[in-house]
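In what comes next, chain A is part of two complexes: it sits with chain B in the first one and with chain C in the second one.
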Partner chain A sequence: MRLATRTAYLLALPILLILFWWVTTIGSTSFFVPKPGELSLTFVEVWFGDRFFEDVVPSLTNLVFGVLLAIVLGIGLGVLIGSVRWLRALTEPTLEFFRAIPPPVLVPVLMLLVGINDTMKVAVIVSGAIWPVLLNTIEGVRAVDSVLDDTARTYGIGGFARIRHLVLPSAGPQIMAGIRQCLSIALILMVISEMFASSSGLGFTIVQFQRSFAIPEMWSGIVVLGMIGIILSFIFQWTERRILAWYHGLREVENAG
Partner chain B sequence: MLAKTAPHTAAEKRGEPLLSVRGVQKIYQVDAGEIEAVRNLTFDLHPGELACLVGPSGSGKTTLLKCIAGLMAPTSGEVILSGQPVTSPPKDMAVVFQEYGRSLFPWMSVRDNVELPLKNAKMPKAERNKLVHEALEAVDLDHVPGSYPWQLSGGMQQRVAIARAVAYQPKVLLMDEPFAAVDAQTRADLEDLIRHVWKTLGVTILFVTHDIDESVYLGERVIILSSSPTVIQEDIPIDLPAERDQLTTRSAPRFTELRGHVYEQIQIAKRGSGADTEPAPDAEPARDAAGKEAP
Partner chain C sequence: MTAVVASSGNGGPLTRKGRKRRTRKTSTRPLLGLAGIIGFLLVWEAIPRIGIVNPEFLPPASEVLIVFVQNLGLTAFWVAVMQTLISWGLGLAIATVAALVLGLTIGSSNFLRKATHSTIEFLRPIPSVALIPLAVLLFGVDRGSALLLVIYASFWQVLIQVLYGVADVDTVANDTAKSYGLGRLARVRYVVWPTALPYIMTGVRLAAAVALILAITAELIIGNPGLGHQIALAQSGAAIAPMYALVLATGMIGVVINFGMRLIERKFLAWHSSIRGEAIV
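What follows is the complex of A and B.
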């Protein structure tokens, strides 16, 4: 029963939007706006076949590597910078500078430095997606509660055990908020990294369709991107619910009291 | 619930003191200059003692406790535990903080909270399980090992913190106004719990409080602090019977007498150092006890 209600909530708006789209395009002859039926046929035609393995899988592989690298590096560096006061003072202005650079402008530079390959694409994703994770981790690590910290110290919990049992869980909510932003930035950069001088991938294919006026095909590519976004978001929420179960429970108790 | 024996008596000389606080002074450097929170404190704690430190609010009790716990270095003077100067949190000491909500790890279950210090000390699993179970049983919480701390009431949370300290098997247990944030009835229960734990486990306890009744009810000895800058106003043994309970002990004439005495001393301490907000540079009347030991 609860599952049914949840599914209904999940699908209600998408169904309404599709209906709206269908109704408004019934008599349409616009070349640029395909009809729902037409688009779904194109979707199946274009993406259910070799192209899935030639374009979607490589793109997703880059995305996954980029995201994982951004998370691991972001948390690792964040814990280090957040824990060491002088390192924080030293790096913070510089980090703000790098964060302010829009990653797409780095694409040509990285192409020259790394070459036109998957490493470059992953590098582009990491260069943009790492910032929210890194900065949130620094902030979260810095904000460890002083009483908890004293408690850990009196029980001789230091070094790696302190990071594992105190610092990371305590910064967890902020790190997860950073990861959420990291995912959406990574998806955008995945597409952008494939738009320049690339010969495969989702971004490349969509641009290719645009240039050859294959409008329904182009739209179907955009739908694929949207779906990847939804899947990422579901994976994130599922993971977050598990990792931060304590946090949501605590918040609920606090709000009730 | 109460133990059969009460082997501990008040501050008798039993050879070497377990914990020795020698001329501890703490001056904070702030933007506006210096604040002397603790001026000159010297006292000893012998094995098996249960001593209460009582003082007016703002008398540097927490500062002193942090110095003893090795969380903060005193400006001058030293703290010695089992013959070793304390420079960082010693292995044989556990601290129960006032803010129970901020001293338990909210991402760990009750059981994991109690177990963590033991795990960290690389204790074998079987021994760990036994200690955790015993400690939770001692504080009457063996029915909620899987709950998170924030699912429990304030009093229960503080009992978890006590269980964690007890399981750690410290030689000295420091308690920093542990019951200041719980309601009166819970507080009475927790006081009896502390007496019970002390009697059954034979741990040495230094209990910091601002509550005069609590200090007399709990302690075998009450150390009265002056207002800030803090010195020892008086150090009195509490000659109440070892078996105490909330009803009879608190209505005993001797209890009232002692309570009155401590109250009086604290009033003198407050007056002695002038207004609460503006400590006189030389707190004259407050020095009669500690003054002898001042350098």
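What follows is the complex of A and C.
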């Protein structure tokens, strides 16, 4: 019974919305809004086949490389800058400025410096997505509990062990918050780098559909991008729950008390 | 997400004390920061001069800065800045108002919150750039296409925070207000609003940064008039130093917006015992 109400809450609104869409387009011949059936047919036709390997896979490979690089570099540099006080003071204003540059403007810059290729696309993703991870790591490392820090020092825990067992866990929640923003920025940049200057990839294909007025195909591309966003967010939530299980548990206890 | 960060100041008071001690000690901080900026500019100046990167692709800092300063005297530059800022401000305002109205309505009803949860979680991660082709079809290079992207992107940032904020309302306070005969609207005004305001401000600040990104993206990709379009033009015209100067300008606008939003947040939340921990975009 409880399961039934939960499923109803989960599915009622989406089903209502799709029904609404279906009913309102039933007799329409609107050029811009495809019918649900038509769209799902086009979706299968367009994306299940060669195009999946030619456009979707390379785009996703760039995305994964870019995100991983951004996370590794961001956490590495963040731990370094966050633990050295003078380095932090030295770099803070410069980093604040770089964070404030809207990442899409880096596309034309990197096109010049790197050329138009996959390296450029990965570089665009890294250069835009690294900032939330980097700055959140710095902030998290800076805010390590001073009692814990002193205790670790007293017990002679230093170097790598200190980072592994004290710094990274206590900065964890903040770092994960940074990674979440990093993911959505990375996805935006993946699409933009392909829309602005490229002859392949998801972004390029979708714009191509729009330019040739292949409207249902264009919508199906929008659906693909949406699905990538949703899948990324699920992967992130799952990972976060695993990595920060201790933290969520702690919060539950605190909230209950 | 921000709710997570908000409470991540592990062991609150101790950490805060430590922080205070640190800031008092380091009065040389701004100086070091300035040194960092100068150092960065020097490295930038040196890289093309030594020839590590072709100066045609990366002009020395001095050249770019000269163009940047020259820009400040040009009307065309300020017109582009205004165009970008209008798309940004208008989009942000519409998104905030819409998110507030919807968020307060959904948040104050248990049924609505449960019923909309899956749909919101489903729509939120859809990247706004996916809407670019649609925006082009509907509006072309009119401001509408930039607004569509800006509104879609910033709406979710604010909505989620409003929902968090409304969920955070103390049940005892709410029940007390109820038994003192406060009506629905009065409770929203005197109980829900003060609780949710810190969350809302965080949402608006995050949305402000995202809105700028999308406003510039629309100009860059679609070609709406504004700074982003100027950058695309400079790039395709091989006006390299001006292009870098414009990129610098967008960074400056970003800094000013971040700084301004923090100021507004402080002002609105001056009454709040602790300005909540903040995520960084």
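Throughout what follows, the second predicted complex is superposed on the first by the 244 of 257 C-alpha atoms of A that agree within 3 Å, B and C clash if a C-alpha of one lies under 4 Å from a C-alpha of the other, contacts with A are read in each partner's own complex, and residues count from 1 in each chain.
Here is the rule we go by: contacts are C-beta pairs under 8 Å (C-beta built on N, C-alpha and C of every residue); 3 or more make two chains touch, one makes a residue touch a chain.
This is a predicted model, so every value here is computed, not measured.
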Give one word, clash or fit, describing how chain B and chain C relate on chain A after superposing.
fit
According to the stated criteria, A:Val147 is in contact with first (chain B), second (chain C), both, or neither; which is it?
both
First (chain B), second (chain C), both or neither: which does A:Ser199 touch?
neither
Which superposed partner A:Ile157 touches (first chain B, second chain C, both, neither)
first
With the two complexes overlaid on chain A, check the angle at chain A between chain B and chain C, Cα centres, nearest 10°.
80
With both structures fitted on chain A, tell me whether chain B or chain C touches more of chain A's residues.
C
Look at A:Gly249 in the shared chain and tell me whether it touches chain B only, chain C only, both, or neither; answer first, second, both or neither.
first
Answer with first, second, both or neither: which of chain B and chain C does A:Leu11 touch in the superposed model?
second
Upon superposition of the two complexes, what minimum C-alpha distance (Å) separates chain B from chain C?
6
Interface residues of chain A shared between complexes with chain B and chain C
145, 147-148, 170
Chain A residues touching chain B in their complex are 145, 147-148, 150-151, 153-157, 161, 165-166, 169-170, 172, 246-247, 249-250, 253-254
Chain B residues touching chain A in their complex are 66, 69-71, 88-89, 91, 93-95, 97, 99, 102-103, 105-108, 116-117, 120-121, 148, 150-151, 164, 168
Show which residues of chain C lie in contact with chain A when the two form their complex.
1-2, 4-5, 7-11, 14-15, 17-19, 22, 26, 28-29, 32-37, 39-40, 53, 57-58, 114-119, 121-122, 124-134, 136-138, 209, 212-213, 216-217, 220-221, 228, 231-232, 235, 240, 243-244, 246-247, 250-255, 257-258, 279-281
Chain C touches which residues of chain A in the complex?
9-14, 17, 32, 85-86, 89-94, 96-109, 111-113, 131-132, 135-136, 139-140, 143-148, 170, 173-174, 176-178, 180-181, 184-185, 187-188, 191-192, 195-196, 203, 206-207, 209-210, 215, 218-219, 221-222, 225-226, 228-230, 232-233, 251
